[in-house]
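Okay, so chain A shows up in both of these, paired with chain B first and chain C after.
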Partner chain A sequence: MSENKAKNVLEIKNMHTYFFTDNGIVKSVDGVDITLKEGSTLGIVGESGSGKSVTALSIMNLLMDTKGKVVQGEIIFDGKDIVKINNEEKRKLRGSQIAMIFQEPMTSLNPVLKIGDQITESILLHTKASKAEAKAKAIDMLNKIGIPRAERIINEYPFQLSGGMRQRIMIAMALVCNPKILIADEPTTALDVTIQAQILELMKELKDMIGTSIIFITHDLGVVAEICDEVVVMYCGRVVESGDVYSIFENTKHPYTKGLLASIPKLGEHIERLESIPGNVPNPKHMPIGCKFAPRCKEAISICTEKEPDFFEYPDGHRSRCWLCKKEYGGEL
Partner chain B sequence: MKKTILELKGLKVYYPVQKGILGKKEYVKAVDNVELDIIEGEVFGIVGESGCGKSTLGKAISKLINVTDGKMIFDGNDISHYTRYQMREIRKSMQMIFQDPYASLNPRMSIREIIAEPLRVHGIAKTKEDIDKKVISLLQKVGLDAYHAARYPHEFSGGQRQRIGIARALAVNPKLIIADEPVSALDVSIQSQVLNLMNDLKKELNLTYIFVAHDLSVVEHISDRVGVMYLGNFVEVADKNSLYENPLHPYTKALLSAVPIPNPRVKKERIILEGSIPSALNPPTGCKFHTRCPKCMEICKNVAPEKKVISESHYVYCHLYDEK
Partner chain C sequence: MKKQKVKDEQNDMRTPFAEFVRKFSKQKTAIVALGFIFFLAILAIVSYKIAPYNIDAFDYSAITQLPSSKHLFGTDEFGRDIFSRVICGTRISLLVGLFSVSIGAFCGTILGLLSGYYGGILDSTIMRICDTLFAFPGIILAIGIVAILGPGISNVVIAVAVFSTPTFARLVRSSTLGLKESVFVQAARNIGTSDIGILVRHILPSALPNIIVQYTMTIGTSILTASSLSFLGMGAQAPTPEWGLMLSNGRNYMMSFWHITFFPGVAIFLTVLSFNLLGDGLRDALDPKLND
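Here is the complex of A and B:
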């Protein structure tokens, strides 16, 4: 990885996020390492329950009203471990340095506040701008994201806008303070494909314009191929494979990623039967010993059900948590 | 000889909306003048964006909502104005699979009760032994086990619940199954399991599917013919290959170009449509797509396009294909 000169804006090291429920501990994120390079878009892919959203909430420190807690590991941002800083400092980061957009644009905007007030809120909170300056900045931001008649929209309410427009407003709110990191949790999942295409196009443009690094969480591998530079694949609270987008799609190493890619029907490809991954994601309270994917893995060997594999790293930085990859290179099992 | 199992003629479903207490009654034209033939044994896919009327059309065919006007000929009978009582007989040959496997199974009923209900209601199996035998064979057909019968819906994952929904639909030996977004709530690895199952069952039991979905890749995979809907009507209907390889309507072209391809080297020419789908309360005049169409002409604004037959299995509603 040393050939790549880009600075790391965010480093997650061995993070564990557990939920302490009445029925026991749920290890939603169990040892995750993720590095986000400056100016790049990192995709986190996984199925429901893989821990991708909890990873995002842990970075944003939005778990305090839940039973969840980062119990171990570091999140290094700007040279500081942001797990350890106090709430006051965390609040200063959130919204100004690290911003987030959510899946449901319908529910994540406040229905009783005008669009303008929702956008200016973070400007007024994080900068010394006056109300008039904040308003001008909000209008400027709306113009940037291609919203027509911005001067009028700021006096309207969310219900007056369509789903795609609301997601644009969310993006405007997130980017108005020029954050270093934008975390987008399934931002286009609730939208129609034609609207999704508009939003993805917009995010690409804004990334270059503002210079934000993006963490893009999704289950749609098509979207990943479209927008991401680096990809992290998660399964059962762990990263199982990571690498740059080309090597993940073309030189897939982990059987889970291979299974995911083979499961999706592709336009223009006519096959009788789709490949599928047998079985279901294991219950978080009864995790298998050994590799978490072994019970569903077609290529599993005896060691897989006994001992959990570590990461095996290829020379190009591509990593895969699989015994087979170690075996491939003649490593001792 | 191809047999038509379902024929829709000028089908309309309007939802009344009243503005204020004394206000004028207006109508949301969710399905407006749909003409369609479904052939026995085929999978007909319906795609379109939210609000295009695809789900309403599916519900209207199974008469879960009332038809405002038009004819719906199923197996030789016009069922468009059948009463609930008359429909009960028809539902033996027409069943539905729903989108949300979490909401479409009664949480207080065991799996056995859920699957036995249609058997009892339609008098297909009467004795306890008969019902048990039938329930177990249905469960096995959809890839579940006999011991699952005693469990309750909350004990199952989304994919398994969708299998239970399919078993329930199959209980009455239907000819036609209307599946409304049956896989869109499922994870990709589970989605392919359910699609494969639906494909196998279709061959085994000689079923006809109407498959409503917004995911164009999924629809291409499972369908024989595909219809693209926009604001209450079809804009293009064709067999799968001609629709995906040679789309004619500008809306179909835009939809297909917007689908993200899971290959980072493919950089597609995108047709980005401006704005979003207009309100069905005040649909545009002329061609309903003209407000977003990149190829809009003067005539499109005023005159609704007629059906243009391009080939035996391909027709389109668009002025671009008018004879000059």
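Here is the complex of A and C:
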């Protein structure tokens, strides 16, 4: 266990992020444990409202503008709990150590600044490079991400580029300071399929080139299978299943993950209607007692609506928060 | 059809500034207004050199003369040449307009940025103060400030600056409120940009078009306010060739000698009008939603 820990770049321990709204407390993330190993890609999967993005914002410490707050738990990065450090230290961490790319490449670049200025901003903020050095570095980065005529692109404005190009620029901005962690919040959702594949391929290449670990937030399980080493499935602010990508896809344990996988259309199979998980994610203000997924679960048994299950851990590290898994192994319910 | 497409592609490749110039060049009235403002600016610089008469020289042999080839705009009740006085007044009016609005725009922009970005108590405080200032009709507020500071042209500048500040603060605040939620601002925060960096590099440039239009429009208004204050005896003092003051002096003779009030009045009217027209043109040229 201690061996494993040495290689972890990021450890989230029992993190709770609550939003204090006028209508009461919304528990967006309620006890999440995530470990990111160095050089690996971790996928966070879940429906809308499952707390994926809030988890990302908590790691980035970008909650201060919202009513949200990490109320409990630790986020350990580089041996330090980054929940507790002050705002100035948090700011220095962003961009240089932990970077993030967003879902909407069309709006995440400043429309009135030249591409070059936006990429060099990060370099100038976090290193002592001169403007000329920063510019050279930006051009170098653009070449790395396969953007043609980089010298000209840096003098152009975002509106002159396509969505795929802009997302590449965003990746360049995020990676130009060689961060240890890159958080990608549905980076390919707004792009068409061929561009998606290119961006994913690019991220894979850069990960090895720069040595960044990636947290990949998505609801697209196809993308997860493509890029991730490990997967965390979230539901209602909790991790319901986690493990390496093979065990999640081939040895699915949690009924929710099964439901997600069943709802993917399969090539060459003709069906009138896709599988879906009935119902909706429960309102965070009126959470069901017991397992949060029980009301929508096809396999629910009586205990599911009475008591919330703990993780059941398999020998290979695969974990599932489900009573059925415990039952399967003959555990006491 | 094909030609149109080619043209569109060219449009896409223009820099924002080139696009602005193209759109602005289509605003004929605004260009005329801009030309007139340039003319006024040059006049303001060279006024004392080209004025045919000494503006303060009394000539009792030629009082209240109607316009003639000798005195283009006629003479006033002391025999001073109105043409010389009007062109020398350009400098005062333009400087007052420029300075007061610049101060107002500067303070208002800073207050608006802070108020919109940080919100909370700071926002409430700044906005309530602005509301209070808004509650006064502009000229009353200016009179109040001059009453406290005492009459004089520099106090007029301060008074007009104070009453144009809240407009800018409101305007910039509303832009900031919208922009601070935008993804690119969050992206900037993501790479560790400081609050000041975000405000100056990311929010201000996007709010700038609005500020420019408001700035131009307010110059017209503030010239008018400054003249009104002088007219009321609270601004420039005699014998300064201030347009409002000239109107004030001439109003006793308005029934018999129209020219004493007419020419300074026309000067105020044309100046304010051209700033307003320029502002209109700038607004149309800077609004990305208005496409040709």
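Please note the rule applied: the second predicted complex is superposed on the first by the 324 of 333 C-alpha atoms of A that agree within 3 Å, B and C clash if a C-alpha of one lies under 4 Å from a C-alpha of the other, contacts with A are read in each partner's own complex, and residues count from 1 in each chain.
As a convention for this text, contacts are C-beta pairs under 8 Å (C-beta built on N, C-alpha and C of every residue); 3 or more make two chains touch, one makes a residue touch a chain.
Since the structure is predicted, the reported quantities are computational estimates derived from the model, not experimental observations.
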item: Touched partner set for A:Gly268, first chain B, second chain C, both or neither; value: first
item: Contacts of A:Gly95 with chain B and chain C, given as first, second, both or neither; value: second
item: Which of chain B and chain C A:Glu133 touches, first, second, both or neither; value: neither
item: Chain B versus chain C as contact partner of A:Leu113, first or second or both or neither; value: second
item: Partner chain in contact with A:Glu74 - chain B first, chain C second, else both or neither; value: neither
item: Partner chain(s) touched by A:Val224 [first = chain B, second = chain C, both, neither]; value: first
item: Chain B versus chain C as contact partner of A:Asp33, first or second or both or neither; value: neither
item: First, second, both or neither for A:Glu121, with chain B first and chain C second; value: second
item: Touch count on chain A, higher of chain B and chain C; value: B
item: Footprint of chain B on chain A - complex, ascending; value: 47-48, 162-165, 192-198, 200-201, 219-226, 245-246, 249-250, 259-261, 263-268, 271-278, 280-281
item: Touching residues (chain side chain C, partner chain A) in the complex; value: 12-13, 15-16, 180, 182-194, 197, 201-202, 205-206
item: Chain A - residues contacting chain C, complex; value: 60, 62, 65, 91-96, 99-100, 102, 104, 107-113, 121-122, 125-126, 157, 159-160, 170, 173-174, 177
item: Touch list for chain B against partner chain A, complex; value: 49-50, 157-160, 187-193, 195-196, 199, 214, 216-218, 220-221, 244-245, 254-266, 270, 272-273, 276-277
